């Protein structure tokens, strides 16, 4: 898999974000009570926002994301990868799913950046990886402050 | 010293002997016997030295408690002799003939408490005050601060805050009902 | 040349001079007058240059301490009491603190006992040094005060080093004292004591062996021994009449029982005798200070624990604590009704007697020029009369 | 008179050649002594504006004024002492009494001005030439007017304590309590730190005065759980205590307990207020924990009729099921709850909202609903193997202990977590005869548990393993296979990865440990159970928390906007009773006293809302 | 007595017996009229170099005057010396708190001083009452009763502070800014009213010179 142009790379990224929106939509279908739904809707809206942002970038033809990756709290890698999608999923389950999803996305972009031969595209993927790391970090901090209060 | 207490009780209806220290005791006597007791203490018991005379305003009981403190220099013992006189009509025998300095104390009693000692020299002259037109100031019902605030101007511009009230106003004003 | 030809009027009822006769002159000495101790006044009636009648007027310094103390909490009174006798504040602090401790049942540590004794003796010395300048000055002898005021200042420097204050030391706090001595302090004290002693030797030569001083002071203000109890005279004024009476010995408070000293006693009971006796007491002070430094424990706490000063409630009771100050019996009568404030605090200052009853009697028949000298020889401080 | 009297005075001519006494330049040459009591200095950073200096000052020379750059915050009133040198007598009692030791005096003493108005300033805030002077009066070493050591609380011996469930802390005697109460300076800085804003100086003063009834009355003004809070409160007040800035803080919690212990339940009614009139309104409270019952108490005082729904068989919530009895004996808790019930509050025990009765039903039957359901669901370890049968959850273990069920923890127990639940679980395991390791991801000083609890747990024999990152739970192999679980954890070091944030534990490569345990108790945190709130309730939630206004009322989604097309019209929010929420469910502090404060606050909110609705 | 209304005009030495009124002045004080330019500067310089203090120890502050006037601090070398009578003095040192009884004497002594005259108030009690803020017998602000040129705060102010205060006073005098006595003349009735409010047995002339 190699991407040689800006548009190709961004198309991939937009596709990923759209898939993320779908990910939360799927979870929403499973949700059984109001609290779950409000969180999932909030996260889905975030991803929708990302789609819009990337689409705008693609239209302007210039990537405007920071290249600085967030500090890795090394939390995501430890978390149990087991599937959390159930009707009784707790806030913890939803957050773990979200963190894992961001982690997977970040890994993918990192791999693509490593594989890219065109310097421009490489940079795009690096920046996208950094962006995903910031998203992951956001969820990780939420996890630390809301879930893992006592450890 | 308890012998002295007994003698005082027998002769002068004294009561309430209290040994505060080994060299200090107090006892209460009827106000009418003040001069007798002090003269007796001075002449018969060796309490020749008068340390001071003062009074306590026991406004709750409606009395002034006079305190005569005398010392026996031979036994190094001091005795505080108490006598209650009613606040409405505070009069007590003068002891200025027993001790030459007593009249000054009695003048002070007159000015500071309004306690009269008939016969005491210059008792009605002003002592430390001048032009005083209030209650005798050592009475408990004279409020020094109120008088001072009403009479003497203060430099304005001072304001203070109570920490708890200030913190409430700053940090959680909504808790105010 | 003896001045005992000066008329001594035997105790008698006071004559009331007829001021309208034109024979007498009414004259106020004080409050604004260089020949008065502190801020007080004498209303003199003079005939020629002889005083025939005198009334002491006080109250110029009346601040109402005894009333104010009833308004303040027990600990808040601690800074207040020292102001009652300005030149000699420490005795107030001691008497008040001791009374409070007695009523509350607080034992003060050994070290505090010694530091209190030490500071009281130092205070006594400073007070005498102030007096001696006044005594010499009142007889027209201006040199002595130039020396003694400086000596006193050196002693005040010692106080400043120990307590942080020159005049008002506020050192003897209820429960003990406010701090241990700073490093090298006693060495400094001993140096100052040597200086003061040397200076006192000079003063003795210049003042006590001065014909003018002797002439004017001898025979002036004779107090007969039988007046001592009748007038309640205490301190050096009593001792100069041959009455051996010193509360430091009689009551044995603080560390005095462990110090070696004998009360200085005189016999002639006139102004010169009293001055001589006070000079000897100054030497005695220096000796006692040196003894204190030798005997004082080097280590140990200097203050006992006391209750929270904001809410200190003293058990109901009353006591009278007296101490021997430079003028005689200084005492605090403290009454507690069990609340956070004193019920009554009465202060017994020796000047109360000396400056009013005794002074009014002694000054009769005295030459107007000697009134100031006589008053100083009784060593009176007006602030402790009126409080 | 002899010849010496004429000659002797001349002898001192010899002094004419000695150095004169006169100081050449007195103003410049003589600084105050090192201890001189000169003008005030104040370390305004250290000062907390408690006003003890103002209280001791007999001259009323000190005012507390707001100081630029120092805002009011917990443990700091934001005020600073301002000295009036038209009053000051330089006694330095303010320096002696200053709890934090921030006040001092310089050795400067010259201040001259023609304008008498200038002699006032705030030391440390308004710059003065003598600021920071190293010389001048300071409180002497070993000399304090205030007692810096607290009266030690008598406790059971730890070796003995760990054998029983008897209450560890024995409580103060009268003499001890009065002595401890006497340490307080009544500054009131603590009040802001207490979530319930209890009148702490007031009730401490009641202890000092020996007036327990007044003390109890003051306690109940803001807190109907004095017995419980007197034992297990997180006592944030003590962190703000002015005395604590220079010594041990006043034992506010123990004094509260002392008051509550002194008054018999039968006498409560004589002291405490009751509702004046019945309002005729009915309120439902969901959850009989401290928050729910606190709301119930204050609602009952306002004359409302209150029914509390509790899913468990006993009331008390976490106070009963989360806190072991050696910390909070059941009789003490029953006393608090008993008094609330005596006011006519009905507690429906064993009635879970959501299953036994629907929220919507409550909303139609009652005039208002208060949710105080707390955080009953433990979060899982979230490592591979965390569903292993030997992995237990801390909250469940504690609840089982309360119910008297056999715990079956075994001989060797690992507790994962550093909060109070972890400590309680560890100490419960100790009392069941287990050897306990507490594994915590960060350092001891980072542990969120109460320092007392950590100290006591360790004293009772638990061993604390710091910086242990859980990795995995596996079945043990060999002889112990099936009976024990293998807990795999990685040793960590604390790394400061970002400035301004707390350090992060980072696994040390290779330092992996595997230890076999009979039980592994996970106590990493708890979450709410909100499954009883349906979408039709239209209550606004965000991240598993109700969105509430200042009085705890849950915002309601506008009709239609979020409503599903098929929702029944009868559930229109404007018709149904308002829902309020508080306690752990809503606030970030997650302790009993915050829940109590929320309950009190919501009771006032509900009352107001009913008023508005009624009129 | 406190309720007695004080009639301010005309001031006629009401407190005195008739036959004594003639002994006192019957016009209020006047403001000082400075000489022209350099001459006044010279006067001010001269005044500042000879501060003669009235020897009246009104309060505890007097105790630090004695070290000041003796050898250790030797204020004579700064041109400062005590005088026995108000007629010879130019500086009045208010030594701390003033009781009402003393205030009466302060007023009288101050008014008897020849102009130009200056007042130095030492101690916190003179500024705002000091530790006697709640006493029934001490005034709180001396500037209500007589004008003050310089304040020295402290309790006690040390002799050095007093010296520094006198140096400050010298500067003020030299700069021609010592307005105290003019203030008194200008607001004479206000001062009298204040004085009479606290001095209850007013038995002295209103014009004490």
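Chains: A, B, C, D and E, in written order; residue numbering restarts at 1 for each.
The rule is simple: a contact is a pair of C-beta atoms (placed from the backbone, for glycine too) under 8 Å apart; a residue touches a chain by one contact, two chains touch by 3 or more.
Since the structure is predicted, the reported quantities are computational estimates derived from the model, not experimental observations.
K.L.:
In contact with subunit B and with subunit E at once: which chains are those? Just list them.
P.N.:
The shared contacts of subunit B and subunit E, listed by label, come to C, D.
K.L.:
According to the touch definition, list the chains common to the neighbour sets of subunit C and subunit D.
P.N.:
Common neighbours, subunit C/subunit D: B, E.
K.L.:
Comparing B-C against B-D, which pair counts more contacting C-beta pairs?
P.N.:
When B-C is set beside B-D, the one with more contacts is B-C.
K.L.:
Where the centres are mean C-alpha positions, what is the separation of subunit A from subunit E, in Å?
P.N.:
Those two chain centres are 84 Å apart.
K.L.:
Report, in whole Å, the distance between the mean C-alpha point of subunit A and the mean C-alpha point of subunit D.
P.N.:
39
K.L.:
How far is the middle of subunit C from the middle of subunit E, if each middle is the mean of its Cα atoms, in Å?
P.N.:
30
K.L.:
So, what's the distance in Å between the C-alpha centres of subunit E and subunit D?
P.N.:
Each chain reduced to its C-alpha mean, subunit D and subunit E end up 59 Å apart.
K.L.:
Enumerate the residues of subunit D that touch no fewer than two other chains.
P.N.:
Those would be 21, 32, 58, 84, 86, 89-90, 116.
K.L.:
What residues in subunit C touch two or more of the other chains?
P.N.:
Only 59, 62, 64, 67-68, 71, 79-80, 83, 146-147, 150, 168 qualify.
K.L.:
Which residues does subunit E have that touch at least 2 chains other than itself?
P.N.:
Answer for subunit E, listing residues that touch two or more other chains: 71-72, 101, 127-129, 131, 133-138, 141, 155, 158.
K.L.:
Considering every pair of chains, which are in touch?
P.N.:
The set of touching chain pairs is A-D, B-C, B-D, B-E, C-D, C-E, D-E.
K.L.:
Tell me, which parts of subunit C touch subunit E in their complex?
P.N.:
Interface residues on the subunit C side: 31-34, 38-39, 59-64, 67-68, 71, 79-80, 83, 86-87, 130, 133, 145-147, 149-150, 152-153, 156, 166-168, 383.
K.L.:
Which positions of subunit B touch subunit E when the two form their complex?
P.N.:
Residues 128-134, 137, 142, 144-145, 147-148, 151-155.
K.L.:
Help me check something: in the complex, which residues belonging to subunit E touch subunit D?
P.N.:
71-74, 121, 124, 126-131, 133-134, 141, 143, 148-155, 157-161, 163-165, 167-168, 172, 177
K.L.:
Once bound in the complex, which stretches of subunit E touch subunit B?
P.N.:
The contact residues of subunit E facing subunit B are 1-2, 100-101, 104, 127-129, 133-141, 144, 194, 197-202.
K.L.:
Where on subunit D does subunit B make contact in their complex?
P.N.:
Residue list for subunit D touching subunit B: 49-51, 54, 62-66, 71-74, 77-79, 84, 86, 116-117, 120, 187-189, 191-192, 197, 201, 550, 601, 604.
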